[in-house]
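Each chain carries a letter (A, B, C and D) given by its place in the written order, and its residues are counted from 1.
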Amino acid sequence: MNTFGNLLRVTTFGESHGPGVGCIVDGLPAGLPIDLDEVQHQLARRRPGQSAITTQRSEADAPEVLSGLYEGRTTGAPVALFIRNTDARPQDYSQIAQSFRPSHADYTYEAKYGNRDPRGGGRSSARATAAWVAAAALVRPWLASMGILAEAWVSQVGPIVLPADYLPTAGDLALGELHPTRCPHPALAAKIEELITQVRDAGDTIGGVVAARISGLPVGLGEPLHDKLHARLGQAMLTINAVKGFEYGDGFAMAALRGSQANDSFIATEGGIRTATNHSGGIQGGISNGEQVPFRVAFKPVATLLQAQETVTISGQPTTLAARGRHDPCVLPRAVPIVEAMALLVVADFVLLSKARDFA
Amino acid sequence: MNTFGNLLRVTTFGESHGPGVGCIVDGLPAGLPIDLDEVQHQLARRRPGQSAITTQRSEADAPEVLSGLYEGRTTGAPVALFIRNTDARPQDYSQIAQSFRPSHADYTYEAKYGNRDPRGGGRSSARATAAWVAAAALVRPWLASMGILAEAWVSQVGPIVLPADYLPTAGDLALGELHPTRCPHPALAAKIEELITQVRDAGDTIGGVVAARISGLPVGLGEPLHDKLHARLGQAMLTINAVKGFEYGDGFAMAALRGSQANDSFIATEGGIRTATNHSGGIQGGISNGEQVPFRVAFKPVATLLQAQETVTISGQPTTLAARGRHDPCVLPRAVPIVEAMALLVVADFVLLSKARDFA
Amino acid sequence: MNTFGNLLRVTTFGESHGPGVGCIVDGLPAGLPIDLDEVQHQLARRRPGQSAITTQRSEADAPEVLSGLYEGRTTGAPVALFIRNTDARPQDYSQIAQSFRPSHADYTYEAKYGNRDPRGGGRSSARATAAWVAAAALVRPWLASMGILAEAWVSQVGPIVLPADYLPTAGDLALGELHPTRCPHPALAAKIEELITQVRDAGDTIGGVVAARISGLPVGLGEPLHDKLHARLGQAMLTINAVKGFEYGDGFAMAALRGSQANDSFIATEGGIRTATNHSGGIQGGISNGEQVPFRVAFKPVATLLQAQETVTISGQPTTLAARGRHDPCVLPRAVPIVEAMALLVVADFVLLSKARDFA
Amino acid sequence: MNTFGNLLRVTTFGESHGPGVGCIVDGLPAGLPIDLDEVQHQLARRRPGQSAITTQRSEADAPEVLSGLYEGRTTGAPVALFIRNTDARPQDYSQIAQSFRPSHADYTYEAKYGNRDPRGGGRSSARATAAWVAAAALVRPWLASMGILAEAWVSQVGPIVLPADYLPTAGDLALGELHPTRCPHPALAAKIEELITQVRDAGDTIGGVVAARISGLPVGLGEPLHDKLHARLGQAMLTINAVKGFEYGDGFAMAALRGSQANDSFIATEGGIRTATNHSGGIQGGISNGEQVPFRVAFKPVATLLQAQETVTISGQPTTLAARGRHDPCVLPRAVPIVEAMALLVVADFVLLSKARDFA
């Protein structure tokens, strides 16, 4: 339902055009210093209106702490954060209350719940992802202090794809972060920006891929069988709005390979046992082996088009719908911090779990 | 951990070369007739030794009912099934007790648990999937009685790929089921069989893709936000041994598309609201819309090679390892019933959940 | 942790002297009309300052809806309610930051979490119960519409005990509700009020028992084995601050009886199968049988005394502590709506669960 | 449902007169030596036929290990134990398939599930408790190695009650263990045995109370708010067949007291902070404080009488029923190891959880 995690449990609430969105983060270690500037910073990476190629809705996304902190540190009690909506325009959605937007959740929510909140998609809106980003920002510095990082970037928009063997350095990523596309490859970033602008001007939208890597994981995170690290990671990514696919390590490309090409030999190093290659993606048998965990997440194009589309009304009559309101032509740039956030929440949960499992 | 599902909870246990594997299925509706022949049939589809291109381990995989049935029907109590191992040869694994097989779970289990069962991979063995297949066979006829089917087939082995627009009929699938490859496309099935035979003879292994579709779903299955139907489906597929990627609907291909190409228009039909196309894959906002749910699952090549590979011993010394024992050159044919089983378990859980949510 | 329930999940947050307390109620049926006056009414029954024999802290306890409603009805999305603290006086607690109040959670929280919020007990404060009362008020009218009621009353304070066979009528309970003690027996209510006043004036506190009954339950609520209706009810009651015991049906008194005295014969009535007596308390094998579910909950005296008590400082030095601030001499009158709330939340969860289990 | 616990999850299955009963224990630390003699020993304490005052059903209760052990130690994989029924006599229950035994679960199971297993109560039988006893025996030596013990004894049968201030020594308990009543007070044990014999000869049954204490707990076990140590303990006890009440610390007696009588002063000792008294029962704010946790569990008399009782048939016609088969006149002696088992399972779960929470 609306709760995620085993020992670090994140419960979220809120709608696109209601009072706001929020999260309850339960299970944080007590005594953890909380950096609200970091929360604000991560929310700023996700917030609308951050560039010419994102939606022009203007939200400050300022988080209010409702509970769980004392003198700047966690107490072991649940931390509640609330982010008020300040630029909601529910009136923009009067039309869609009467029709089902193609490839949106309007129809399925109406069919399932009957009493649907049509204002901006209500609960199905990607605005709900702000709560995850805020939640993850609480644990990001803590994980970083253990050397654990989740770094994501835009690796594909429409037909523009980064080279398969492209691996950004930290510097590349910092540069990409400054670019409106969040693509770390300068030449392709420029092309992507141009493409998104064209698509926007045509009233259309476009899909893409976010690539990511988790680094610094200790050996041993993940639980057989159903809480395999990559299974939980995949579930988390597939929870993000518009995601259609997930792969890790060499992913779908491994289907074409032979074992003699795909296996990762173990080697002895000064730092311990490592693998010579990392086709496996840092996870074997569902458990981290200490190598990086690279993964890729496919996003479909935003369903809201300014172009007219065929659809039906809630009473089943054919109609034509063209979106009004403010919308993203491409979610990829804003998806980067969301992918990182979900990865961090999954990892933090397993870090806690691994403590319970460690009897060495 | 080893339990899966919300209202239909499947708990599994067992190892490759211990006494056997089993499952406890909790939450089955009471009064459900149980067809043990169906359980046996599904296990036979998964069992080793079924053809020249699978491992030659010979297991009857006969399930014993330990609890939960009365006069052939469920009572509401948990159903326990146990499948004894009859052809275990733990001695085949004496060598690997001392080394870490590349791209297996040996190293990560050793690092996590210390006391590893090295006999055939112990708990990390794909033998554990027999328990899921047995569990799913309990609900398969019940779902079928509602018109819900999960059908899978081999759509890629190595470089041999079925056409992107290939959609097998029921007849194609029945035919494919008779072929050792479980590929429903006769011409490519023959090529795949030849390829697997070559690979086997070379002491190598090869990866592939299982494609699948769930049909007959009612509108409304799936729970926002974290129990989206496709998120649970993805988690389930990523739980299967050797899986590296999952996509549904048009999947990764949607990253290249524009919204105007990828959206599914709603249309009014005599049977109610439908979509003109199904790029979305039968799910919108995490909830089924009544269309088919197609998805694809990528399998890496089997890690066990008869060829020599570089690795290290448990004390970190370089060594060379060539497998003995009996192994699959390609898991794809046997993966088909496993993919179907996991899909059915996910769907059955959501069917139960939807009843609790239905207040119309 | 801070989430309760299977299909109706209540997650709470908040501290006594922080910004406020709140709840996320996930899993409410969609389309349920929400009566915020009812929420306010139930909070008023629990709120401090309601009479001369409760704490004089003055909280309006006005709930703010943060999410989940559309046009006055639930949408299927989680409902978030927040109750701001308006009369917090954290400065009253500067002393206890340095010492452990006897029979409070100060020491155990300090030992477990290190970073304790000492302001009014922080998360361990009974103020957290306001969130449960608010959550339960959301489902109370819905359950009432099915004929399901949870009614509680004060049946003992200190040595003053209602007769063992006393069963209040609805009229008695309405009358009791008007009395500051929430005891429905007029003669004993007067004595209890007098006793609490004496105890208060002596700077002391006093314990008691809340009796309750759930009526109107359908046959079949409760899940073997670990979610027996009474086991979940007991867990819920034992979660309430200061509770030391729970019994249902004839409870501890049944330990003294023979089966021939304690069994409930089944009888055929026009309305179906009933029991001639109800020693069992409306539950057999963990499942409701359609009779009333009577239960009793024992509360220890409030631990905060205005009298001086021996204790130790956080560094382990002996000291003496006498409470300042505003405190209840007896929680029993305010515990009545809390007991009802927890019972309603348990029942509502099982009502949802029973729908998933009903395949008749 | 049939799974219990957060990190140590026990799933049970099986019926009274089916193939047997069993448990899957998931989450045990890896490398734990398992003492099957201990499992057998604990099962022997619970098994039927152990004395003249228990049922004469004769079960060896020999556990078979189906998974999870390697060379005598846990591997981190789930441990499955199965206990075959060897003296089942389903034919004894042909009569009750047609009638509802008073105060049994026959009627509620029939109403809930329709397809009831009438053989000896099926899943509702106390035979299911063997699985808990076996599961707990896996962790008992591990907890004992940390100094954690759960010790229970019979403190009341019918009107015969041990003195309120009676606290058995380890020697008393060892002596009580040798007595068929499991009452450690020799004089009263003799009277209890006599009473049970009388009751048995009259074809009647009788209730009682099991008292228990958990000792050696570290400070800090238990999770606010809904996983308070005593709330989970209460839930666990209320899960045991025939239990009608649970209290801990001074329990219901605290309702009669004033705070000045009931509070536990903190004192500084060489071993750290302790309490001068233990009215609280070793738990404050839901978290262990390092003192003993005493608690009491009330059992109703066994519902199965050899005397004739009024009841109705499954079609609702009045009838008379007198039990045949083999039954306990008093479950208290056999309840002692069950109470200990449930307490140990709760504690073990919290020990694991506390490791995840410990960031000191």
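One rule holds in what follows: a residue touches a chain if its C-beta (ideal position, glycine included) is under 8 Å from a C-beta of that chain, and two chains touch if they have at least 3 such contacts.
Since this is a predicted model, take the numbers as computed values, not measurements.
Trainee: Write down the chain pair with more C-beta contact pairs when B-C is set against B-D.
Mentor: Looking at contacts between chains, B-D has the larger number.
Trainee: Calculate how many whole Å lie between the centre of chain B and the centre of chain D, each centre taken as the average of the chain's C-alpha atoms.
Mentor: 39
Trainee: Starting from the mean Cα coordinates of chain C and chain D, work out the distance between those two points in Å.
Mentor: Distance between chain centres, rounded to whole Å: 27 Å.
Trainee: Could you state the distance in Å from the CA-based centre of chain B to that of chain C?
Mentor: So the centre of chain B lies 46 Å away from the centre of chain C.
Trainee: Where in chain C do residues touch at least two different other chains?
Mentor: Within chain C, the residues that touch at least two other chains are 1-3, 12, 30-31, 76-77, 109, 112, 114, 123, 224, 357.
Trainee: Answer with line, ring, star, complete or other to describe the graph linking chains that touch.
Mentor: complete
Trainee: Could you pull out which chain D residues touch chain A in their complex?
Mentor: For this pair, the touching residues of chain D are 7, 29-32, 76-77, 224, 352-353, 355-359.
Trainee: Using the touch rule from the top, collect the residues of chain A that touch chain C in their complex.
Mentor: Touch list, chain A to chain C: 1-3, 9, 11-15, 18-22, 24, 26-27, 30-31, 64-71, 73-80, 82, 109, 112-117, 119, 122-123.
Trainee: Using the touch definition from the top, list the residues of chain D that touch chain C in their complex.
Mentor: The touching residues are 1-4, 12, 100, 102-105, 107-109, 111-112, 114, 123-124, 128, 156-159, 199, 204-209, 219-220, 222-228, 230-232, 234-236, 238-239, 244-252, 254-268, 272-273, 275-276, 279-281, 283-289, 298-305, 307, 309-312, 316-318, 354, 357, 360.
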